[in-house]
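Dropping the structure in here first, questions after.
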Amino acid sequence: MPAPSPDGDGTLPFTTDEMMTVAAARALGDGRSCFVGIGLPSTAANLARATHAPSLVLVYESGTIGAKPNRLPLSIGDGELAETADAVVSVPEIFNYWLQGGRIDVGMLGAAQIDRYGNLNTTVIGDYDSPAVRLPGSGGAPEIGGSCRSVMVVLRQSTRTFVPSLDFVSTVGFGSGPGDRQRLGLTGAGPTLVVTDLGTLRPDPVTCELVLTSVHPGVTVEDARDACGWALAVSPSLGTTPAPTAQELAVLRTLVGSQDDGVRSVAPPR
Amino acid sequence: MPAPSPDGDGTLPFTTDEMMTVAAARALGDGRSCFVGIGLPSTAANLARATHAPSLVLVYESGTIGAKPNRLPLSIGDGELAETADAVVSVPEIFNYWLQGGRIDVGMLGAAQIDRYGNLNTTVIGDYDSPAVRLPGSGGAPEIGGSCRSVMVVLRQSTRTFVPSLDFVSTVGFGSGPGDRQRLGLTGAGPTLVVTDLGTLRPDPVTCELVLTSVHPGVTVEDARDACGWALAVSPSLGTTPAPTAQELAVLRTLVGSQDDGVRSVAPPR
Amino acid sequence: MSTTALRPLADAVSELVSDGDCVSLEGFTHLIPFAAAHEVIRQGRRDLTLVRLTPDLVYDQLIGAGCARRLVFSWAGNPGVGSLHRFRDAVEHGWPAPLELEEHSHAGLTNAYVAGASGLPFAVLRGYAGTGLDGRTGTAVATVTCPFTGERLTAVRAVRPDVAVIHAQHADRSGNVALWGITGVQKEAVLAARRSLVTVEEVVDELRPGPGAVVLPSWVVSAVSLVPGGCHPSYAAGYSERDNQFYERWDAISRSRERFTAWIDEHVLAMAPS
Amino acid sequence: MSTTALRPLADAVSELVSDGDCVSLEGFTHLIPFAAAHEVIRQGRRDLTLVRLTPDLVYDQLIGAGCARRLVFSWAGNPGVGSLHRFRDAVEHGWPAPLELEEHSHAGLTNAYVAGASGLPFAVLRGYAGTGLDGRTGTAVATVTCPFTGERLTAVRAVRPDVAVIHAQHADRSGNVALWGITGVQKEAVLAARRSLVTVEEVVDELRPGPGAVVLPSWVVSAVSLVPGGCHPSYAAGYSERDNQFYERWDAISRSRERFTAWIDEHVLAMAPS
């Protein structure tokens, strides 16, 4: 692992996945509750907790509320989550009382495909009955997307992932546009932020269509447009994401290393 | 407390309430599960557990499953129940998973009034809106009466309690007769046994009307008829309840004494 | 989400409970929040809708003191002793004020809390069928047809109190709460309510929840107040037994309006806030 | 009600699991009953309907071994690693046999278990709305209208497996069971099922359930078998960590039909019953 230079001047070497994870982590506010799955969302949430958001409450669908893992969990059933949690409840309780009860601020979701309205596919590529690729399926995502106060989607951007039309709707974002969430009885605000390896997108407040609101360092608007399967709208106030700081990179790399080798060395600063 | 003579020859002095409690206890089979409230049902169930039914599983609506109290509990929230139980669950769980789930063999209920079809009133004497006596109400009884595999009712018999028409239906027995339980969606068999201070009654298998099936020692059929507000049917095979044995009385009196003075001396023989 | 601060009971009650509120004080014969109820009486709250499975002495006191306009309940007795005389006097004679009743079974009212905690407008159960309760629940009970089997089942409307009040054994300094023993419907009551107050026996440096403990993180609790003995005369597992003599004495105290009023004057109104 | 006797795993599986049964092996990434699944494979069961939130490696093995006709599930991946290749091969190419899918969300299938455990024909939730799952759940999802608010909600049909199989840490000699850590939907699966089998790490003289433990009394369990390590390679809190290298190796083992078949031959079929 390369040691980053100590000054966070935006010229540090970092990968696009690291930029994506850091950008997702920064969007998680301190003291909020966050419903996280394993993988990049869990990495981002733990990075946030280890940096600017020490009071972020991590809720995993396995029933661990307020988990404070000292290493990245290998799965949502990792004993590390149960042992460090404020409370461990059953799976029915986590979905009914905590998620559906409207108590979670941010739900973090990944996907294999996303469309312009932030709808997500995690089920199948191709036809459902004779699929090209059978993916794992919905898991907790439909109701995380429905009931969390807001949703953050994290995925790599390409024409394979940013598609004009999903092969399967696993999780509803804004459906086919304004008013659909209300018509469907979805209580949360939906995907208010999408973080990719190229930049960040937010829904237009009127049309609900995703709009590119920032690009990561070194990424152009053309890069982002080329990696999108529909005519990507760009915000008039497009910004550039600040590069990862040395501290962010150091903590992130230690976190990721902790998963590989089981080291328990990432105590959060609290 | 008078010490009973050691031979159980039917001539021991005992009260009518003691006879009633002993008769109720005897009807509880070993190894079965029993949903009990505080008062006479709890006394009878603990008497059964301390005598012929050491493996009787006592379930209280406070969520204690398999409670093995060493003294009679003062209320269903008595710590003694939680401390001696196999499992303590929430009130939603006890009603939904255990009672409504159809897992309880016998529900024990008391009442202020009963009618010929075993329907029970624990709510009000007189008119609901301007009552002569406002009673505590339904509590767990409607669903105990509905979902337990069978129900045992225990109450003192008089023309005030055995009435032609209830002032209020708190718990359905057989409704207005055959087929009503099925029509109402009540899954259990209903009140298959009523134990009073005068004798025992069981429903006629065809009409569902309660029939006097035994009288306690010293009680006549006329006594039972006089203490009933409707024309009481009598079984052609009417029997006499065996008197309490010396052992039954001794255990019962120790149990009741344990409630008064808090003595913890009634360990069951297991 | 807000982080709970420990605060004096009088402040917490003043902030959280207003005239006309729907208030649920829960604790299934165990951990009954008497001290908080006494503070509600001292602050002179009126026109409350009181929700509770087992009104017990705690609501007998609130009803007799004139705080309640409406009672939502399923079993109103003095457990193991007999009647609740203040409840009966209000129902039978309208003293000190008429009391509207919304009457349920335990299973029904429990599921109404579950629906409230779950963010659902109603819950489904097998219950009430054939009983006289059908007409006595206001508009809170209806039927619903299973879309798969066609079976008719009972629907009970969700309870969403303005405030839930419970008593627990422990809180930590961040306001996380743990209670254990018989835990009843306290979790559901707190999660169903818009605001919540927890009185606790003890504040500890670290929660160490034991078997069967319910833990409520600080961000679902509005306020925590340290009130040792705050559930007397009921039980607090690990702290105190039920004061059964008080439950028995209450029968005589509460039989007469005069004796009750004198008791409230002396033991509640004249007392300093906890 | 029957009192459970401890019995050998092979006997218990033989008695409880038949061809064509609906079988639920539960354990939410923790305490997954692998040893019992291997016994099902050894006994050559066929045409099973397999129900499970997270099929995981355990159903990849049962599907690849030809035991399953139908899968009821909500997330079919190798957690933290990638795809379930035997599941995918069955779905994408019908090997070794076509696999019918009934596909849910976690919240939906969880509530289907809750309804089953509660003796109800269905459960209500906010879920599935607007997703493609609507047409993929067979007849298991419908809508229901709130009789109080008129709101349309989702109804999910109860799951009532013929057999539920779980792994737990402890049983006592009477067959009472305790499990702890992440307890998932195991209680609901056992209570929803007609019959149940629990494999355990250890038989103890007395259950001493710790914080958060689920206790299942012997009279709701059909059989208990002592199988230390019976959930390897998944976790057993207090006993073993997840064998993550096995989860990673499974990716390569399961990619090829030949290598999978050789693995099953060597590590399952050639093994003596536990």
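A, B, C and D label the chains in the order they appear, each numbered from 1.
Note that in this section a contact is a pair of C-beta atoms (placed from the backbone, for glycine too) under 8 Å apart; a residue touches a chain by one contact, two chains touch by 3 or more.
Being a predicted model, the structure only gives us computed values, none of them experimental.
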**Prompt:** Looking at the contacts, which chains touch chain A and chain C alike?
**Reply:** D
**Item:** Between chain D and chain A, distance of the C-alpha-averaged centres to the nearest whole Å
**Value:** 29
**Asked** How many angstrom between the C-alpha centroids of chain D and chain B?
**Response** 40
**Asked** So which bits of chain C are touching at least two other chains?
**Response** 119-120, 125-126, 151, 153, 187-188, 209, 212
**Item:** For chain A, residues that touch 2 or more chains besides their own
**Value:** 96, 100, 147, 187
**Asked** Should the pattern of chain-chain touching be classed as line, ring, star, complete or other?
**Response** other
**Complete:** Pairwise touch list, complete, is A-C, A-D, B-C, B-D, C-D
**Request:** Give every residue of chain D touching chain A within the complex, in rising order.
**Result:** 28-30, 53-54, 73-77, 79-80, 83-84, 87-88, 91-92, 103-108, 110-111, 113-114, 125-133, 136, 151-153, 181-185, 187-188, 212, 214, 234-235, 237, 241-242, 244, 247
**Residues of chain A that touch chain C when the two form their complex** = 31-33, 55, 57, 65-66, 86-87, 96-97, 100-103, 105, 147, 187
**Prompt:** What does chain C use to touch chain A in their complex?
**Reply:** 1, 3, 117-120, 176, 187-188, 191, 207, 209, 215-217, 219-220
**chain C contact footprint on chain D (complex, rising order)** = 119-126, 139-140, 142-144, 146-149, 151, 153, 155, 157, 209-213
**Asked** Once bound in the complex, which stretches of chain B touch chain C?
**Response** 38-39, 61-64, 74-79, 81-82, 88, 90-92, 95-96, 99-100, 123, 128, 130-143, 146-147, 168-172, 175, 180, 184-187
